[in-house]
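What follows is a set of structures to go through.
One chain, subunit A, links the two complexes that follow: it is found with subunit B in the first and with subunit C in the second.
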Partner chain A sequence: MSNQAIAALDGVRMPSRRRLLPYVLMTPAVLVTLLIVFLPMIEALVTSLYDFVLSRPRATQFVGFDNYVRLMQDEVFWISLGHTAIWIGLTVPLQMALGLVAAILLNRTFFWRGLARALVIIPWALPSVVIALMWRWIYDSNTGVLNDLLLRLSIIQTAVPWLADPDRALYAIVVTLVWQGFPFFMVMILAGLQGIPKSHYEAASIDGASSWKQFIHITLPGLAGVLITAALLRIIWVANSIDVIYVMTGGGPGYATHTLPLYAFVKARQNLDFGYGSAIAVVFTLLLAGVVALYLARTRKEADR
Partner chain B sequence: MKRKEPLWRSLLTTHIPVLAIVFFAIGPYLWMFFTSMTPAQHLSAQGVAVTPLSWSFENYERLLARTSFLTNMGHSLIVALGTVVLGLTVSVTAAYAISRFRFPGRNVLMTQFLVVNMFPVVLLILPLFILMRRLGLLDTHIALILANSTVAIPFSVWMLTSYINAIPRSLDEAAMTDGCSRLAALRRVVLPLALPGIISTGIYIFITAWNEYLYALTLGGRNTRTMTVAIQTLIGEYQIEWGLLSAGGVVGALPAVVLFLFVQRRLVGGLTQGAVKG
Partner chain C sequence: MKKIMATFGMAAALMLTGAANAQETVHFWYHFDNPENPMSELVEKFEKANPGIKIDAENVPWNSYYDSLYTNLVGGNAPDAAMVKLFAQPRLVDMEALEPLDDRIAAWAGKDDLIDNILEINAGPDGKQYYLPVQYVVLYLYYRTDLFEQAGLTPPKTCEEFLHAAKTLTIDENGDGTPDIYGFGFRGGRGGHDHWGTFVLGHGAKFEKGGLTTPELIKANQWLVDLFREHKVFPPSAPNDGFQEIIGAFKAGKTAMTIHHIGSANDIAQALGDKVSAVPVPQCGEKPWTLYGDESLAIFSSSKVKDAAWKWISFLAEAENNVLFNQATGQLTVTKSGSENWTLHDKRFVDATVASMPFAALLPQTQETSDFVNTVWPTTMQRALTGRISAERMMQEIEALYAQ
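What follows is the complex of A and B.
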């Protein structure tokens, strides 16, 4: 019996009290999310229209779109926006590339595959504070292991202050984020690889296709759906994560590692300027909403199938 | 593909590249572990000790004796367990409703939970701070549990729905023809069968809440300082004691890593189900 038919029967046979049951079952979850997500979201929208600094609550007043106008003229806002583009534009594709390589390797059959798979996803499980501190230690300019290794291999001649150099800090953070996030792609892609029929490869190798050709014409097209979904999901997740950057550099040196969400957080936390911070957060959310819409459209399509 | 590859070939195409990736993935954590086993004097004089000969538990002893790290882990435990309990209890019935009923508004509600999961933390953290302050909940475990639930609830609704979907409808229908009510069927038939899924969802919520940092930093304080915030405060004002800090990192991350290894296989199934269908 199809779902619609069951639903229709439910509707005919059940008294209205029964028809309310699904709503009753949904109520606790919906109610709590309304209280802790939607209410605060509205509060953020409202706050962004006020000049509201936590340290002087008496001076709070409605200013309309002043915060947004101020934002457009704020140099740091544009710097942060640029960094956000670099940060997401580098991190997600690199995570995906590394995840793809790892997945293809770990899809082969060898005796310690289970162990290798378990070890490779460890970065995913670590607390971001620990990740940030760990990498600060690795990048440390005096005693960090990275400088030590590169000096010994004579790749560099003098110690590089990875996180203190405004030109390098953002890229150093991207490396850390790639490390943190590639296991997610690996896991998604490994699952995707199971969905490609073995017969396609067998047919191709009978036709004499090289393994590179097989990769381009069978593996990649077979993975396209998974790759797109995973990338959209990851863009949203990476964009939301500010803890690693916050602990690694706090946005510095200067504004060298400021991203939009971090800027909003720093404004509120250090300057206690909640009105302006909320305005930045709202703008960032609107920018991200485009990606979320794409993702939703994809899941909708898959659900309909 | 049954033919046996020569050893040198499988070494070159499989074992060595895989080893490189494994090394890249766990290298930083291993390095932190080495650092934590290096006594402070050795660390400042000769750097990190990579051989067990000069290892000692000095940093761990100092961590437990001189800092309140165990208390902080206790706060993390309370917050994480609270989030698991709240997250799972409100989600189970919702997931059951989404899975078993077709009702007006179902799609909207489902999408709602998906979207909520994608709101930037920054958008929520500022108003949540204002809200908690108004309610006098700052620096309480309840505040942190509620804040963590903003992620935990939508996530577990989504996961539990996929687990319950995998249980054949005919089973709860059979129970109902035998005279069970809907809710009794949920409790006696669906819940026991979904238990493995519920447990792994709970464990994943636990890990996320255990690892959470920004809410704990913003909404917490002296009375609720969690492990993640405590690690950050181990950074001294003038110099960083990397040995002590690494010991904190190793101990703090251990529960999450162990639990994650324990549930990863089942979890991955639930997470990828949506994405792989296409």
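What follows is the complex of A and C.
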């Protein structure tokens, strides 16, 4: 083979190697993702097509979409779906509102700002189980501090069983989760606030804009990107979180605090009915897929920018 | 330097002898909620007597004990032996997870020291013996002697007397419109089926089609729901209350009666002194009903060290070891020799237990009982107590589980 021919071959090989390199580098990550994310997902999908109760392993059989048909006729599924909507619909906006207020306060200069910022982050840093246990005692109707305070302030006349009353339990847990999650919004918004150029505010005040107008026309538009991304992320997290509910009420009284992921967990882990539990999880994943798609579209847009 | 060499030498020698003896490790699961845990003491004693066996005892939290056990069994991660309750036996037998112990028990010296009838009570659904009993209790009624005396009442023997006492002892001391003491601390959360059983199951209940929805049973369940909704003799938190809450409220003087077993007697007596005593539960139907509370030890069929595991569990069921074991759980020993000199509880609580034994009952030995205990009973009871479903619907749902 002549030298020229070798040079020509090299010329062909080089670019193709370069083209392959990114894929080679990505392979481990893709493999790991496939293995630990997609494989279990596919397994859940397959399991949901079986009548698969762990305690009766020999009775396992393929039932097609039976679990899904049963699900559509299951009263508890619809109750849980309704609660999930209330759960997300209240928790995320309230967390955002509280986070926004806290961030704006902490964006002002005062001498113990550093300390205040560190303190506010505590609820976010505590483990969920600790938070749930703590709030369970706060809400306790016999010895809880909340009832005691409200009674002393004469706001209520008799102790309220916050977690034992089906009309209140879900909202009581929402309050707990708002408390736990608002620092996340606060941190994100605080970062966003610092990204808004000071000159905009200076220009606005020269034009005579009030603080409120500055908030509406400068702060909020400046934060829009952060708020939307944080909200989408948080919806996904809040929707999936069961630890606080599970520890505080276990889904009770009755089905009063059942959400879909909790129902899936109870079915699979307590009743060992993995087929049905998987079906609930699959349906819930499909419902959440909309939010996930929005989030992915947004991150792609930001990456393109 | 010499010292270090010597240490290394010794370590190497130990490892060699260890390998030569082919040391076996028995993985054991148990659940103690008492902070004074004598398990390490028992393990030490056992390991000294059986040098070839190492015990790896893990205290698994009670709330997820069975969830974890079942999933670990299916996942191939099961311990070699564990503490188990009767309600789980049918499911474990169905899963083929248990090792029959008949031959081992027959050849075991401690067999004759077990109290009468206890092996029969713990026999498996197929007649084989899978469970080696390690402790037992019977649920009875705790009541506040001082409050009963003040009100001129005697401990209730029937449900009518119970209702009268509960109403009388629901007391608003400071006149703010909210009772400061409630007549009865009802357990509406998981595990409360033993309270419910006393008031409802004595009316001729059978866990089968048509056996739970008779007019008498529905009426009895309605009567129970009315205690909370009409007569308001339970604390308002009753639908969610579990063990911690009912015992906590009773100890704090917030309730005048509750149902539990001798396991909590020392704790309660410490808080209330002689202002507390116990009697068998009231009779509500044709006959009284109370739950026989059991705990046994079992070996799993997946174990590779069954002989070593048997040595360990039989060790725990032998006289003085069993007494030490029960010191931690606060329950009663299964050995005759241990019962003779029983000093771990006040006599009045032991008497109430013994007096309850003749009518102590078990839940049905079927697969469904696990679901009944873990999900169906708590959710239907909570829904009935909070007015979401009727007492009749609750009975129908429980029957539907067993009639499948």
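One rule holds in what follows: the second predicted complex is superposed on the first by the 275 of 305 C-alpha atoms of A that agree within 3 Å, B and C clash if a C-alpha of one lies under 4 Å from a C-alpha of the other, contacts with A are read in each partner's own complex, and residues count from 1 in each chain.
In this text, a contact is a pair of C-beta atoms (placed from the backbone, for glycine too) under 8 Å apart; a residue touches a chain by one contact, two chains touch by 3 or more.
These numbers were taken from a predicted model, which means no experiment stands behind them.
Once the two complexes are overlaid on the shared chain, A:Ala256 sits against subunit C while remaining clear of subunit B. Contact with subunit B, but none with subunit C, is seen for A:Asn240 once the two complexes are overlaid on the shared chain.
Shared-chain residue A:Leu94: touches no atom of subunit B or subunit C.
Looking at the shared chain after the overlay, A:Pro127 reaches subunit B, while subunit C stays out of its contact range. In the superposed pair of complexes, A:Leu170 makes contact with neither subunit B nor subunit C. When the two complexes are overlaid on their common chain A, residue A:Thr33 makes contact with subunit B while staying clear of subunit C. Once the two complexes are overlaid on the shared chain, A:Arg269 sits against subunit B and subunit C alike. Touch criterion met: A:Leu119 reaches subunit B, while subunit C stays clear of it.
Judged by the touch definition given at the top, the superposed model places A:Val145 against subunit B, while subunit C stays out of reach.
Judged by the number of subunit A residues each one touches, B leads among subunit B and subunit C. Annotation: subunit A residues 140, 143, 269 touch subunit B in one complex and subunit C in the other. Remark: subunit A residues 54-57, 140-143, 157-161, 163-166, 249-256, 266, 269-272 touch subunit C in the complex.
Subunit B makes touch with subunit A in their complex at residues 1, 10, 13-15, 17-18, 21-22, 24-26, 28-29, 31-32, 35, 47-48, 86, 89-91, 93-94, 96-98, 101-103, 105-106, 109, 111-116, 118-131, 146-147, 149-150, 153-154, 157, 182, 207, 210-211, 213-214, 218, 227-229, 231-232, 235, 242, 245-246, 249, 252-253, 256-257, 259-261, 264, 268, 271-272, 274-278. Looking at the complex, you find that subunit A touches subunit B at residues 3-4, 6-7, 10, 18-19, 21-23, 25-26, 28-30, 32-33, 36-37, 39-41, 43-44, 47, 101-102, 105-106, 108, 110, 116, 118-131, 133-135, 137-138, 140, 143, 145, 148, 179, 183, 187-188, 191-192, 194-195, 202, 225-226, 229-230, 233, 236, 239-243, 246-247, 261, 264-265, 268-269, 274, 277-278, 280-282, 284-285, 288, 292, 295-296, 298-302, 305. Note for the complex: subunit C touches subunit A at residues 67, 70-71, 74, 91, 94-95, 176-178, 188-190, 235-241, 245, 248-249, 252, 254, 367, 370-371, 374-375, 378-380, 382-383, 385-386, 388-389.
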